[in-house]
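You will see subunit A twice below: alongside subunit B first, and alongside subunit C after that.
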Partner chain A sequence: MKNAASSVTVSLLGSGRVGQIASHIIFVIVCVICLYPLALVIGISFSDESAIAIHGFKLLPSKASLVAYDFVLKQSDAIARAYVITIIVTGLGTFLSTLVIALYAYPLSRKDFAQRKFFSFIAFFTMLFSGGLVPWYMVCVFLLHLRNNLWALFLPYTMNAWYVLIMRTFYKTNVPDSIIESARMDGAGEYTIFFRIIVSLAKPGLATIALFNTIVFWNDWWLPLMLVNDPAWFNLQYLMYRVQVNIQYLSSMAGNTNVAGEILRRLPSRTAQMAMCILSIGPIVLAYPFFQKYFVKGITIGSLKE
Partner chain B sequence: MVIPGTIALVFFSYIPMAGIFIAFKDINYTKGILASPWIGFKNFEFFLKTPDAWITTRNSVLYNVAFIVLGTVAAVGAAVALDGLRAKRSARLYQGVMFLPYFFSWIVISTLVFSFLSTDLGFFNKQLFPVLGVEPINWYIEPVYWPFILIFTNLWKYTGYCSVIYLAALSGIDQNCLEAAALDGASRWQTIMRIMIPLISYVIIIQVLLSIGRLFYSDFGLFYQVPQNMGPLFNATNVIDTYVYRTLVNVGDIGMSAAAGLYQSGVGFVLVLVSNLVVRKIDPEKSLF
Partner chain C sequence: MKRVIVFSLLVVMAIVLVSCGRAKGEKAELIWYFIGNGPQKDVDKVEAAVDKYIQGKGLNATVKLVCFDWGAYDTKMQTIIASGEPFDIAFTAVWTNNYRNNAGRGAFLPLNDLLTKYAPKTKAALGADFLAGSAIDGVNYGIPANKEKAHNWGFIVRKDLVAKYTMDLSGVKKIEDMEPFLKTIKDKEPGMYPLEACVGESPRFFLDFDKLVDDDIPISLYSDNRDSKVVFELEAPETMALYRTMHKYYTAGYVRKDAATITDFNADEKAGLIFAAAKSLKPGKDAEMTNQTGQQWMQIDITPPVMSNRETTGSMQAISRTSKHPEVAMQFLDMFNTDKYLNNLINFGIEGSHYVKVSDNVIKAGPQNDQYNPQTGWMFGNQFINYLWSNEDPQKWDKFLAYNKAALPLKSLGFSFDPAPMKTQIATAKNLWKEFTPSLETGTVDPDKVIPQAIAKYKAIGINDLKAEVQKQYDAWLAKRKG
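Now for the complex of A and B:
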């Protein structure tokens, strides 16, 4: 990198050759620590279940097998269903939440909106204080009837004060007042201005919030843990959790009864669990190179104070 | 335009806030929530008398302190080191890899951790320890190892994410400052500690302030999913969030669970106000509000 030479580089271990190489070695070790667990789980998922029982979990399977994936993808309706639910919830939740946040944050960015202090405050205050789990649960279940249905899996995450603040900063820095002024001169209403002009100006910001939301909904297991107990509404993460709990239960029973031991032997339980894990993070890892920069941008905006 | 968002805030934040009165009642399902008798601070008394009140508070605070100190040092260190790499393309690659664990759910991470720690199959007990000649460890039964496991797992998940924040702040530093320091003959260490760190201190202070305000809150997934809800580990893994959840779902004691939740958010609220006040006294520009 030629242009780096002109600027001053201050390195922890020295900017000389030795210091740079030492830094690279440390970072490579850190990266291996970050990726090794993932590689191990991939290795297990492609391993033969009986080989694992003998040799334990290994990075390179002593006997390779696709049985776990075959079992997970073909023989289990529950997993296909959970996948569909996760995709639907991620789509609906991301759309709704991004829309609501974008709408809420826009007036807060406008100096001519008189109540902007009040609405900023009621969003910001939720980051400082909450009523706790019990009242939240009561409101969701008894008041809103969010239990064992699709709504329960995304409605409670609609608003997020932190994303509102990010979006507000984004509007403030990317939407010039003059554009709004001239649109109004042309007789455009507030909603026309928002959907025709603001949305297209704020596209990178909206993409950032939408991506944050996508990850939140894709990875969620908390809402089903609290609000779902009917297997028909299990999403992928929560199904993984239930499978883990059931295997744990069967293993604890295996010493006592032959039936539990027999079930464990017949099913590719551990390898299937790892295969599910890989299938759930697969889409994230594959899409990661494309969305990483939006996240970096969003976090950077979010960490700046105004 | 603010109406949909306001409705969501009212239902999912403000009505639950009004619902803190549940903590002052003896909830009886047959009578209903509103008709159940008021019992003042009895629920809080019961909660504070259990040994769990002390254990969960201690765990929450100590883990958070460890996360704040180690997490900040690791993230700032990683950011400074990344910033100091001449090969920018490698720096971006390292950053990308370190950031990746942030996108894994706690269920996934629990599975990753299990592949190392499983007593009869795990990588440690089956692959590594036989080579080193170490006796197998019953990881999910013995609590002594868990402070290290949980702190390491937390660092593993969040260091890359946090370093992004500091890296952005570092890249905003005026090159002239660094050049002036170099001309004045400042050593590497002096430049980092006297110039770079102070210049990004406002970002560090905001992050630490936010964490101090959340000293009584914990990442539920880390403390519930990663130890796989194992009873023998509770002494080392039970925090206020997991206590509130188990008291509500497993025990079914609504009043005490609500009291513990209000204790958490009440103290948390005071903490955030106090820490912000302190910072405002020292340097008004660095305070949160």
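Now for the complex of A and C:
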């Protein structure tokens, strides 16, 4: 990606001295814009609460304090458990979802599959029409019993019609019919063909779907909100969502009841919220450099037309 | 053919056996959904104690206490109710899991007969007035919690600063009387905001209109039972007078300059920057606030105590249409509302572990207090039989009783407006409220200029039609009551 962006700027600004300096400046500005909010969050999390109320959010805390982290770490067992849950759910969910989508899309790409129009239509139809929240809830809870268990946190997102169509197109354009024919002539069955040949050919597409899924599962708070009430199954995002939504809700109805103001006073402050944020993304940010080379390889594979 | 007959015989037998298997004396499992600070760690221990106690008293049931967070409760309950999921008891109010909407949809069971048959003690304790206030067309769909039955508005003021500048606040009867004291604070304490006013939390409360449609619709009655004439608030002289005072205070610098954009009033309070704030009061509010904020507060009552629809529908328990054992649920609720041991068990936890007794009626936090600490006494049935924390006023409940007795019950108790014919007007009126009220209630704009503009805009969207419809429904409801 960096190559693409820098080649664009080179073509716009020319590759002379001035053009180079200009493109450097542009990139520095973009970096600052991306990093400033993160630095602000870190700064706030180390600030004293009353300093925030008086001076507002500042990059360098006017009065440093570790109170926020102290407060959040008191619930460290809840956060640790939420971490484990999030990692397991993301891993399991991505694996299952990618598998299901890869398996569903493959027959749709094969011209000798008689019912492929029908199954494509079923998938496509769900993209246009949906039953709505209540039927979804009824299916999840009454039919599938997805309540307060691990399946509830990833099963509803396993199938995604849009990704199916992406994969179907990918198979069509990247898998030559001749390969399948020759494999069949050598005596391979359908599953052998799929898992030995097709999957390797479709790696870039599968990697993309897996990446999308990972992001969805990591960031999801909707499934815990609707299907889970037992704190043992809360994930990271839902922990943070709870705090934020509670504060918002109580602030909005404070004038109505005698109660809301009292409860609000006891909820985590701004600094504690920021500390929670940092603790949640910290390990990912720290782990990212180790995984970076795999990401880059995967993305550049996609750009090569082999 | 023979196989088919044998097979269907087996199936029938299986069905019969299964249904006979459910013996008559089976325990009813009651599921109770309520709002709060989220599931407490020790809730299973408390549930076990509750089950043991109620079975000991002859009620063959077990209870599951399921608590949803503040922000999530409404969403979750709407989904649960819409999907027809079976449950027994749910917390409901006008401000969450909306009582009137759900009753209208038939989500809750009518409770009048159940109350008479299975909860006579609760019914007597609440009183006919209070129950009438939450009835819809004479039918009760929820049991209100027995707590403060009225509201009044007033100031809470920093006691330490009052002592520091030897202020004599005994003559303060209305907002204008506070002016010299606000000025003292402005001059002598430069970092502070003398008067708190921000979006939704401001001295606008002192107008104390009895809202008939919704909190952000300015169609109301006066809160003193003077007549049954519905008023458009912005046209009332009291409104103009109050906003003029607020504007005077704003220009004098008693209110923060960006007040009209502030929605979080807590930050300033926590930071100790507020001298005086307009709040909803009840006996002991100052002590409560002192406990929670760590600053010293005192309260000054401005408006008299009034029993309105808001109090009667502020905290109720309803029984779901999908409940399998409504009679058992009602019996449990009656026990909960009147039995001191059971009520305090659910409110505070297990003695010795979550709380310890200091004296007969006073408690303080026990060693495992953080494992079970719902802090939602106002929701749980009957505050008058609750224990008091050691840092609370020992006469809190007596003062509450006196407060309730002194309250003026409004004639509009029990009236609920049907918004169906006026949906568009209500929606646009809500937008206008968001547009005009923050700047008016914080004093940011000059009311002599802005109120006429606002009135014109409201008239343009049909506020007079809304007012006429409300008056029509209210008069019809009054006539039906008398007849």
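Descriptive notes on the structure:
Assume the second predicted complex is superposed on the first by the 193 of 306 C-alpha atoms of A that agree within 3 Å, B and C clash if a C-alpha of one lies under 4 Å from a C-alpha of the other, contacts with A are read in each partner's own complex, and residues count from 1 in each chain.
The rule is simple: contacts are C-beta pairs under 8 Å (C-beta built on N, C-alpha and C of every residue); 3 or more make two chains touch, one makes a residue touch a chain.
The structure presented is a predicted model; accordingly, all values stated were derived computationally and were not measured.
In the superposition on chain A, A:Tyr249 contacts subunit C only, with no contact to subunit B. By the touch criterion defined above, A:Ala64 lies against neither subunit B nor subunit C after alignment on the C-alpha atoms of chain A. With both structures placed on the common chain, the touch criterion links A:Met138 to subunit B and to subunit C.
Within the superposed three-chain model, A:Ile179 lies out of touch with both subunit B and subunit C [touch as defined at top].
Ranking subunit B and subunit C by residues of subunit A touched puts B first.
Once chain A of one complex is fitted onto chain A of the other, the partner contacts of A:Asp230 are limited to subunit C, with no touch recorded for subunit B. In the superposed model, A:Ser130 makes contact with subunit B only, not with subunit C. In the superposition on chain A, A:Val84 makes contact with neither subunit B nor subunit C. By the document's definition of touching, of the two partners only subunit B reaches A:Leu35; subunit C does not. Residues 52-53, 133-134, 137-138, 142, 244-245, 248, 270 of subunit A lie in contact with subunit B in one complex and with subunit C in the other. Those residues of subunit A whose C-beta lies close enough to touch subunit C in the complex are 49-50, 52-54, 133-134, 137-138, 141-142, 225-226, 229-231, 242, 244-259, 261-266, 269-270. By the touch rule above, subunit A contacts subunit B in their complex via residues 1, 4-5, 7-15, 20, 23-24, 26-28, 30-31, 33-35, 37-38, 40-41, 44, 52-53, 55-58, 99-101, 103-104, 106-108, 119, 122-124, 126, 128-140, 142-144, 155-156, 158-159, 164, 190-191, 194, 215, 219-222, 237-238, 240-241, 244-245, 248, 270, 273-274, 277, 280-281, 284-285, 288-289, 292, 295-296, 299-300, 303, 305.
The residues of subunit C lying in touch with subunit A in their complex are 37-39, 41, 66, 68-72, 75-76, 79, 82-85, 95, 148, 151, 191, 200-201, 205, 215, 263-273, 279-280, 282, 285, 288-289, 292-293, 310, 314, 375, 378.
Those residues of subunit B lying in contact with subunit A across their complex are 1-2, 4-6, 8-9, 11-20, 22-23, 33, 77-78, 80-90, 94, 96-101, 103-108, 110-116, 118, 120-123, 125-127, 156, 160-161, 164-165, 168-169, 175, 178-179, 182, 188, 191-192, 196, 202-203, 206-207, 213, 220-221, 225, 228-229, 241, 244-245, 248, 254, 257-258, 261-262, 264-265, 268-269, 272, 288-289.
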